[in-house]
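Take a look at these structures.
Each of the two complexes below includes chain A, the first together with chain B, the second together with chain C.
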Partner chain A sequence: MTALPTPLRISAVVLLLALAGFPFYWMFVTSLTPSSDLFASTPNFLPKWGEAGVYREAFEKIPVATWLLNSLIVAGGTTFLSLAIALFPAYALSRFKFTGKGVIGLSLFATQMLPEAMLVVPLYALFGQLKILNTLTALILANTAFTVPVVVWILKGAIDGVPEEIEEAARIDGCSQAGLVWCIVLPLIAPTLAAAAVIAFFHGWNEYVFAQTLVSSESLRTASVGLAGFVGELSTPIHTVMSIAMIYTVPAIIFYLFVQKYVVSGMTAGGVKG
Partner chain B sequence: MSAGDPQGKSLVPRWTPYAFMAPVFFYLLFLDFIPLLNELYLSFTSTSLLTPANHIWVGLDNYRELFRNADFLHSIWITAIYTIACVVFAIGIGLIAALLLDAPFRGRAVARVLVTLPWAAPPVAVALIFTWIYNAQYGVFNYVQKLMGFDAFENWLDTPNRALIAILIATIWQIFPFSSVVILAALQGVPRELRESAAIDGAGPWAIFKAVVWPTILPTVMILALFVTIWSLRRFDLIWLLTQGGPIGATNTLVIDLYRRAFVYRDLGAGASVGMIGLSIALAVTMVHYRLSRRFGAAGA
Partner chain C sequence: MKLFPRRSTLAAIALAAAGLLPSGAPIALAQGKTTITFAGVTFTEAGRGDRLRSWVDKYNKSQDKIEVQTIGLPFATFANTMFTQMGGGGGPDIIRFDTIDFYAAVPAGRVLPFDDYIKDSDYKFSAPNDYLKVNGKRYGVAFEISNYVMMYNPALLKDGKVPATFDELLAIAKSASGGGNFGYAYRATMAERNGFWQDLCNFVFGFGGRWGDGTNLTLNSPKVIEGVAAYKRMYDSGAIPRGADAATYRRMFWEGKVAIEIDNGGVAGIFNQQAPNLQFLAAPSPFPTRAQGLILAPLTVNANTKNKDAAFAFVKWALQPENQKDLQDILGASSVATVVPRSADDLAKKPWLKIYDDQTPNAVPQLVAGFEVRTPELQQIIIEQVLKVLQGGMDPKKAMDEAQELAVAKMKK
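Right after this comes the complex of A and B.
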């Protein structure tokens, strides 16, 4: 696109940024617009800073803090479990030849086709038998089922890029195979590990179907379920709803800003290249 | 020297790869495959959500009824439109964004990050803000329509022939950044010398794109298309929260239909059948994709 004249190119980029950013901006402006002004014939396009108290009110009137804490536990647990489960299989898929490798690789990919709405029923039954229904553990386990295949795939891509000679030296020094993965490979793929962690974290933070169906206690609601409860409900003012949506979105965005460098490089190194 | 090579064999015991695979194996078994088999079994039964332990074997009855049901057949059609539109627009817009952000300009690094933000936004928050944007009386979408001279006072989410477009706008807004990040990464692999020598030979931008850029990024675009297809086929949260499949079935994709049958009509058997049909479609699409990418791989890049 270097071929386009500069002013045209810059306006195209500005338009792109406006399109990507507008819903966020609108969420923010709406959160700061008092109910009386929301129903004006001309929308209010600038934030009214004097209305910022709505954020404090949201915490006072609605259990936002509990929802966020639950989301954090679910997302954190999903991240930790996904990485813990995926590291050694990713190494095996990258370095070893063994019978059944193709089938497992294909199965990992096939899990991406299963809709969450479809797995919810059998998982409900399974977790019922395990007596973990209505716990955050159930959500962590269910979410991990979706993130593990992706994480394995991304980590495998990174391990493919680690030269095997580096491992040879350690092996000759008597390091065990597992120790090798832990001490040599793990530090070398740290950036990709960060990328995989972020993808798992976002999945856990944003997930809705499992959180809605596998948990029924109000005290265990995640932010996605809590917020979804406002859809089509008229008794809560829209600016309060938008302020909670902001409180829920901003940590994800900030977290993403810190780690996006790794996410992008991780995805490039990982499966996406095939 | 790979650990699986003849020379390396003595260093690694034969069971090592299996021991390494164990965690993921158990995970797949208990949380994906046993549930999947359970779902397959349910699809041949009449089972109510209220008494999930009571199964009555009905064979293919659920499937027969689905294929006789016009609403269900319509939902396959809607799923097809939704998926194809997601693939075309998310990748198309993602490609344009990537090309724009690939060229050097001041502030490029910041622009690259900002464009990807929608991808990090929680779908429930996205659903809420788009509901408000589409609001019939107070929504900004409506306001812009009025400014452009169109008849307003219409909520797109409540209008059968527009609801699907409204949902697509929200979905594509959220997923195009992923395409652009991936394509941007692929663009790094385009050989600069080739591009420059083509330019010196007098090739225009379109010719350079066709001859140098596109063949390089095609394998990535193919994989991307597969992922966007699969994600769109199983997309639930955004559609459910924006329209619940309505108005009058206008946005009733297969996954919404599945959820509606299982959790609203409490018919687990029929829901499971819809799920199995959806899964078969995903598998078929993947196989077609595999054939296509092999052909492209041989002839193209």
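Right after this comes the complex of A and C.
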């Protein structure tokens, strides 16, 4: 295959960057646009730095830091719990033969066919009985229930790619079954684990329906709900919404950058066989 | 291969563990106080939200047994969240509903009757409070009553001419449009179903139409069709910012980009508080009749509450004359449950107040007369048919004939 000429490649990269980055840039510019200019017939394409105080105000007047911490706890908890719970069923589905294996695997996916809005009422009643309503625990559990099936199947695919001979060798050396999963399989599927972590983290980070319904205390509000709260019946402070939306994206971007290299290798792992 | 540095792993585990621990008691009992919750959209409103929370705090400071915690939720998802929580056996103790959601909550047994706690004879209730009685029982008192009139920005009207008829409104709105400005704004999308319904009711009522006569549905009566046709004429005029949601076009009005709106007194109050330099005025809506919709937001008590006495104690406090006056001041050009006269000073400073208050005898709740509790179902049918007129170009008469047929069939079920 012939490589594209350098100027063309650079142009393509610049174009892609512009397409991907412009929405964020526009959000940033809007956050720094005074209300009086928001509806000007000629849009303002450059940030007005004099308006940067809106970011300070977001932290001083609005509990954005608390919202972000709550989101971080929910997303982090969902990620940790999803990976911890999914690993062993994924291993079992990949390595063991047992009656109903196919049905169990598919039924995991069946849970994904129901929308959150349908499950929120029974979950609310159930969590009410368990006395965990209005806690972040409820959100972590609800989100985990949604992410585990996906994570199980992702990890199963990765475990399928680990040669059984390696495990047999370890078993001969006296490794226990749990030790095999923990010491042998886990490091080998680490890139896929990272990819699954990204999926679970972003689900927990962005989730809205459960966060809105299962938690009512304002001190436990997640950022997705806090942000939506600005869209009022009578008015919406657009530059405040945009500034908080910008702040909201930062932790998610940092998390992604942190695991991105593992995700990339995870996506390509197993691409070449032989 | 190390996936994460050891410290980060530990931090992640600690973070997750922190989340797994109950992070707050569902209903905190601080210092032996009964804590109850009060949810409403208005607590999130810029300009009014903080003042309403202070109003509730005034109650909290006056008490040593009960504490009311406010919960502000977004308008768009408020009713869904409330009904989900109530359906799951929970929800806030006190809820500020919109009328249409109130009429869905009552037949479903989601809110408590007031009669054991609130006696009509003890208060000077204004007339619209009667709409909060279903089958003779009171299920709420008005938290906010808000009329609709025409608000306009005189600086954007050519020669300062204020429309007195619908044709004039259309012509003036067109002439005020252009260069990034719009002459008029209203809602016309399913995404803002309740708001769309409110705006549509103003047109239909203004043209003399009603959705029901108390016994029968009248969705295809000539006056209703006239109102729908007028809605379409405005839609096609090029004078409205199509697709802009209410929060956006109200902001545009505030910024001098929209000349005329027919809007409720809560909006006027927000403009007055948040944009003191905006010189807007009000006039009766320019339709053949003075009838316009009415925002009637009731204060209700959740049937799931475990603190019935505390909830009603707060409602009784809210109905005290001094607290009603404070609430009315916060709500702008809206009224409250009991009759609270405006001060001469207020009327002089805010000339639009009188226009809003004078509208009261002509205010009609945005309900289907005779089918109040089934208004949400009928609203869905009507809105869908009107959208066919606006966006699909269907003839208004044909659309409303269909609406009538569908609605009659639905009501038989």
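One rule holds for everything that comes next: the second predicted complex is superposed on the first by the 230 of 274 C-alpha atoms of A that agree within 3 Å, B and C clash if a C-alpha of one lies under 4 Å from a C-alpha of the other, contacts with A are read in each partner's own complex, and residues count from 1 in each chain.
FYI, a residue touches a chain if its C-beta (ideal position, glycine included) is under 8 Å from a C-beta of that chain, and two chains touch if they have at least 3 such contacts.
All of these numbers come straight from a predicted model, not from anything done at the bench.
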First, second, both or neither for A:248, with chain B first and chain C second: first
First (chain B), second (chain C), both or neither touched by A:92: first
Which of chain B and chain C A:184 touches, first, second, both or neither: neither
Which superposed partner A:21 touches (first chain B, second chain C, both, neither): first
Touched partner set for A:162, first chain B, second chain C, both or neither: neither
Chain A residues touched - chain C or chain B, whichever exceeds: B
Chain B versus chain C as contact partner of A:206, first or second or both or neither: first
Partner chain(s) touched by A:112 [first = chain B, second = chain C, both, neither]: first
Partner chain(s) touched by A:175 [first = chain B, second = chain C, both, neither]: neither
Doubly contacted chain A residues - partners chain C and chain B: 38-40, 120-125, 213, 228, 230-231, 238
Chain A-touching residues of chain B, taken from the complex the two chains share: 1-4, 11-12, 16-21, 23-25, 27-28, 30-36, 38-39, 42, 52, 97, 99-105, 111, 113-118, 120-133, 137-138, 140, 143, 173, 177, 181-182, 184-186, 188, 204-205, 219-220, 223-224, 227, 230, 233-234, 236-237, 241, 255, 258-259, 262-263, 268, 271-272, 275, 278-279, 282-283, 286
Parts of chain A lying in touch with chain B, wherever the complex brings them together: 1-4, 6, 9-10, 12-13, 16-17, 19-21, 23-24, 26-27, 30, 38-40, 42-43, 84-86, 88-89, 91-93, 95-98, 101, 104, 107-108, 110-126, 141-142, 144-145, 148, 152, 164, 168, 171, 177, 202, 205-206, 208-209, 213, 223-224, 227-228, 230-231, 238, 241-242, 245, 248-249, 252-253, 255-257, 260, 263-264, 267-268, 271-274
Chain C residues within the chain A interface of the complex: 1, 3, 12-13, 15-16, 18-26, 37, 39, 41-42, 44-48, 69, 71-77, 81, 84-85, 87-90, 92, 179-180, 195, 245-248, 250-252, 254-255, 257, 266-267, 270, 274
Touching residues (chain side chain A, partner chain C) in the complex: 35-36, 38-41, 72-74, 76-77, 79-81, 120-125, 128, 131-137, 139-140, 187, 190, 193-194, 212-213, 216-220, 228-238, 262
